[in-house]
Structures are given as structure tokens and as C-alpha cells.
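Given below, in the form of C-alpha cells, are the structures.
Common to both upcoming complexes is chain A, partnered first by chain B, then by chain C.
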Partner chain A sequence: MSNLRLLNETTISSSVSSASVTDVFSSDFDIYKISISDSDSSANSNVNLRFINSSGSIVTSSEYDTAGLIALSYASFSENRTTNQTHIDNIGGGGRSTEAENGANVLYIFNPFSSSSYTFLLSQASVQASSGLASTKAIGVLTELSSIAGFTIFLDSGTIDKMKFRTYGLRVDT
Partner chain B sequence: MSFGYIGDTSTSVKQQVKNKGILTTQESFDLERQGFLGGSLELIAEQTHSTNVTTIDFLNIKEDVYDVHLLQFSNIQGDGTSGSDLSIRFYESGVLESASVYQYAFQFGGATGTFGEFNSTSDTSIFSIAGNFQNNIANGYVYFYNLGNSSKYSFCTFQTKTGHPTQSAIMKFGGGVLPQTSVVDGIRLFIDTGENFTAFNFSLFGVKQI
Partner chain C sequence: MGLLQVATNTVTSAVASVTLTGIDSDDVYMVAINNAFASADDDYEIRITKGGIVQSDANYDRASKDLKTDAVFGNTAGTNLTEIDFSAGIGTSGTNSHNEIIYLFNFANASEYSFITMENVTMRDDANDILFGFQGGAVHTVASASDGIHFFLTGGNNISSGTFTLYKVV
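Our next item is the complex of A and B:
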């Protein structure tokens, strides 16, 4: 039997420059699902992610790579590629200043706690931008052999006014 | 059984039995039975083919209970001889919305090599989440978000695969939105050309957010 195990629910209800969830990844699970919902921000902005290592420090080294496709209802689709950056760039979702325009974002994180494997990310999100729908599908990786225990979210500009994180472990029972 | 619980153990965690990281088999059974363990799916409704129909409606979707719904579908077939695109409309407080208010964007890829993008800011439906599946079969899933929330737009994301009359098979992934702050209390599936469904299995789930 396999199932989702809710590990942490964190709610942001006042303005912050970044929102962190710590000590949620462990040796108990290899794969984690994170939902980001109920979002609102002070400005329309991309949403970015950094990992937090098992010592509690935010990883800011230039070892993040990202690739994403932003499917737009109002224009040609755009691609986003970055290498050797200090964060995973534009995971999509949650960066709209009008609350109704924020849809949902689901992330999957692979092998975060293992210090012998890179930490990988999948993201899929939808928001309503100024001109129309923006649906993002992205991948990211931290090319560092460190033990990751959490993550932090921040915007290109503005503050996070509301946001809810639910972190699940994908349980596999034998 | 290797799983445990670490991190925040405050009351913000909706855990019904506090533990030191290990649940007994009985505790797991009790918690799952009560709906407190596992982000599981509740089957809300299922519709399968008995006679040919042009539309399939889900009208009791428990939008007041779930903020995320999952629609799974398989073996979707139509009787048309032209294009067959599976499309979606929403009911807002019981009234079918068919005005040019829907937006969507999706990427598609054909097995014979043609990839591309398709979008609209003013269509009468979330068009062609699967298809063209003329004389073939469509399968896939759709996640719906915030349907019952009157202060939020209603979003969806989807991924599908269908047989295709000229490209052997075609995949699609993307999203759609009804950018209106309304309560969506129903979902309609139809083939845009108005043809009949001659086979279908649709299952609508509520995604439990414990």
C-alpha cells in the first residue's frame, strides 16, 4: 500500500520577504509532494525556490539549474532556462497580487535528504496573469551532494502576503 | 514499514494521534478509516457508457468539500467522421457557462514528430484537452482547483494521450481557467463537433487535503 503522509502544514498570513519550511525532508522518504495554495503577494512576480540543508542553512551556492515551459493563453509560449544560478527560477504560481488570480502549484522533490544524490524538482502551476492564463511546467536541480531538509520560497519583487504549504511524504509500505 | 514524523509537531499539524514517529498497524487502519491519514481520493461520481450521448454532466461534485478535484478518463470514443476534441464547460450555480470567457494553453506532441502549442483567451469552452481522436481512443486526467470558492477563479491542469487520425498518437499537457469569481458546481464534458460519445469511462474524485 502506498499513500501520502502529511508531514507539515505551514501557513503564511502576514507579509514576509521569504517563506521557509524546515525539517520536513528526512531519510524516511525519497519523494515528497508539496502543494502551494491560498496565495497572495504585494506585487506580480515570479516565484523562486532555494533549498535548506540539514544544518538549517539556506543553500545559496550557484548550483541550481532550471528549465521550464510557460504556456500562455494570450501569446506564444516561452521557455525559461538557467544554469549555475543561486536558486531554482520561476517555479510558477502564487506570485499574483490579486488573490483570485492565484491558482495552484504542485511540486515534487526527489532524493532531498540523500547526500549521495542531487536534489531534483518537478513543478506544475497555473495562474491568471494580466493578459491571460499562464500555465507553467518546470524542472530544477541542485547539483550539490548535500543533505536537504527544507525549502524557502521568495519572489523576484514584493512580499508574500499569504501562502499555504502542505508537504507530504510519498509512503511506500512493503 | 519505514515511515516517521519529524519537523513541526505543534497544533498546526492536523494529526489526530501524536506519536514519536511510528504508527502501529491498528493506528494506521483507524486513522485511514476516519479519513485522517493519507491524502487519498474520494470517488465522487463515475459515468460509463450505456447509450450514446452528446454531453456528460457531473452535477454533484462536492465543491463545498474539496478545493481540488481529479477527473480521470479512459476509452473515450466518438462517432464522428471529422475532428473530435474533448472539451470542458462549467456550471456556475447551476447555470451552464457557454460564453466566450474561457482561456487555455496547452502543448501538444505527435508521435510522428509534430509538436506545437495552442491557446485562446476567449473561447466558449476549455477546448480540446484531448484529441483530435477521430476513430481513436482518448485517455487522460484533469485536476480542477478552487471550483467551489466564490472569491477565486476556477483553474485546471491536464495531461492526455489519444490516438490520432494522422499522427498515430498525440499527447497534450496544459491548463485552463474560467476567470470569473463564481461557484462552479458542475462540469460538462462534450465533443466540440457535437458528435456522440460511443464509449467512455469518467471518474471524478475529490482530493482529500488532511
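Our next item is the complex of A and C:
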């Protein structure tokens, strides 16, 4: 049996301002892999992430840091550095109003459920922007010692019209 | 994608190094490092093993981009190194843990070099606790079979805690 355990599959099929996956992180796993695919949006926009704590509340405090490298096929690479923001900024991937241009993400989340460590994120994504490919490699952290059980995705502008999330836990057999 | 666990080591008391072996096929392998700390602020290093023996020869090349929130991203690179530096400022406790995903390619193939890709994230343990992570790759330029990966700290400090797990990608 695979040590990569599918825990949740969530599909968004109608227009929403944000898309959430709740109650998916637990004490059963310390590392999670999330794939985001099959996306479409109403506007061309960055894709952002917030965590949802174990009480079900979206964490909106200014305690998110992000560092992202955006590799572009049509221009010089750019860097995204933010600290003390209310979200992980620009994880890449979807956020295109032309369905075919929406790419995909793979995220790894570390230690979300532990209230004694920060919640860390790795993100890799690709999307077809207006002038060509934009590929993102990003890291992020929620510098708050709280127990995190889920996440929510939203755009800088516009709505999410389609999106599929698959969340896996990486099991360690001791 | 599936993952089959090959080896794991959860460090709960200080050790000088962690070695994960058991690579015996041409499959891709993955290492996950979770919540790792050092006995004193230090950097993690990687070497590979062949026949269970840690390789300390000067045949490692590496290149990576370092992502951070306090400055323009840097490039870290080198050739003919004796080890692969893959972190910066691992902390000793609390919130400065090191977390990483590593992929290993061609390790069991005696006709190929052993290739590594790595991505990691930590809060670098300095005065400002900066978000920091490497994104890059490395290679051991010896065409012979490798069977594992070895972790230790640059400054000779101990690995005080953390979970290191080797999976086969199936």
C-alpha cells in the first residue's frame, strides 16, 4: 500500500470567491501533498492561499511570509518577496480567464496540525500568461503557532469557476 | 504517483549524522525531511552512499537558487565539492525547523551519475528569523551504483531531532 494516502478530493464546478478544503490536516500526518488542477477563473489574477485553523476559522492575521521565483518564458525572471501579509502571496498556477491557460500546482505543507511549530509551504506551478509561460517556485510560512486543519484559495480579483484539489498525507511507518 | 517507504529515521536524541539506504532499483526515490533541528545553528550537508559507504570524494557538483524574504535571491553553485550544502541556518528549537523534499535519480544505475533535486524551507535561525529555502539540484559525477543518502552538519554539530524518510516512487 502506498505511503502517499489520498485524504480528500474537492472539485469546484461553479463560480466562487474562494475555494476551501477543511478538516483535512490532522495528527495522523506531518507532511501533506496537494495538487491543484483543472482550473478556470473569471479574470487573470494571482492565486493566493490562507490556512484554516482547527476551529474552522480562516487565518487572516498578518503573519504570512512568501518568497517566490517566477520564471518567465517571455521576459526576465521576477521575484516575489512579502512578509507579514494576510496570505501566502502568489503560489502560481491557475488564475486565468481562458481555461486552457490555467496550469497546475503541487504544494507540500509541513507540520500544519502542530501548534508548536510554524506551518511551512513549498509550491511549484506553471501557468500560461498572456505572453508565454510563467513557472513559479515558492516557499511560504504562517508564523503563528496554531493548529491548522485546512486551506483556502482565492484570487487577487475575479472568481474561481473551476478547480480540483487532491490532498494526500505522507505516511511514515515507524 | 505512489510512495513505498524504504527507510526512516526519527531522531529524538542528538546524532552526528543520519544515513538512509536501501536504493536497489532504477526507480525514482524521494526523501522527505520533517521538523529537523540542529544542536547549534548550522547547515545541513548531503553525501551519497555506495555499498553503504559514505562517499567523501570531490565529485559533487551543485547549483541552486536561494529564496528568501530579506534580499534579492542568490545563486549557490560549485563543482568538484566534497559534499552538497543544502541549507542555511538550521535552528536549534522552536520555530526554526528544516523541511525538505528531495528526489533521487539513477542512483542504482552503475552506468549513470547520481542526480538529486531538492527544495526546502525553513525560518533561518538568525536575528531576524528570515524565511529561506533552496531550490536546485546536485550530482555525484561517478558512474557507479549508489544505494543511499547521508545527512550531516557542516560545523560538526549534531542533528538533534527530525524525521528523515526515504521512499521509492512507484
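Just so it is clear, the second predicted complex is superposed on the first by the 172 of 174 C-alpha atoms of A that agree within 3 Å, B and C clash if a C-alpha of one lies under 4 Å from a C-alpha of the other, contacts with A are read in each partner's own complex, and residues count from 1 in each chain.
The criterion applied here is as follows: a residue touches a chain if its C-beta (ideal position, glycine included) is under 8 Å from a C-beta of that chain, and two chains touch if they have at least 3 such contacts.
Predicted model, so just to flag it, every value in this text is computed and none were measured.
Shared-chain residue A:R81: touches chain C; no touch with chain B. Of the two partner chains placed by superposition, chain B and chain C are both touched by A:N3. Comparing chain C and chain B on the residues of chain A they touch gives the larger count to B. With both structures placed on the common chain, the touch criterion links A:K137 to chain B and to chain C.
Of the two partner chains placed by superposition, only chain B is touched by A:A100; chain C is not.
Legend: residue contacts after superposition of the two complexes on their common chain; A:D30 is shown touching chain C, with no touch to chain B.
Judged by the touch definition given at the top, the superposed model places A:D65 against chain C, while chain B stays out of reach.
Legend: residue contacts after superposition of the two complexes on their common chain; A:Q124 is shown touching both chain B and chain C.
Of the residues of chain A, those at positions 3-4, 69, 124, 137, 171, 173-174 touch chain B in one of the two structures and chain C in the other.
Within the complex formed with chain C, the residues of chain A that make contact are 2-4, 30-31, 65-69, 79, 81-83, 108, 110-111, 114, 117-118, 120-122, 124, 137-141, 143, 145, 170-174. Listed in rising order, the residues of chain A touching chain B in the complex are 3-11, 22-24, 26, 28-29, 33, 35, 37, 69, 71-77, 99-104, 106, 124, 126, 128, 131-135, 137, 166, 168-169, 171, 173-174. Here chain C touches chain A in the complex through residues 1-5, 8, 10, 32, 34-35, 65, 67-70, 72-73, 94-95, 97, 99, 101, 119-123, 129, 131-133, 135, 163, 165, 167, 170, going by the rule given at the top. Within the complex formed with chain A, the residues of chain B that make contact are 1-8, 12-15, 21, 32, 37-40, 67-68, 103-107, 117, 119-121, 143, 145-146, 151-153, 155-157, 173-177, 179, 181, 209-210.
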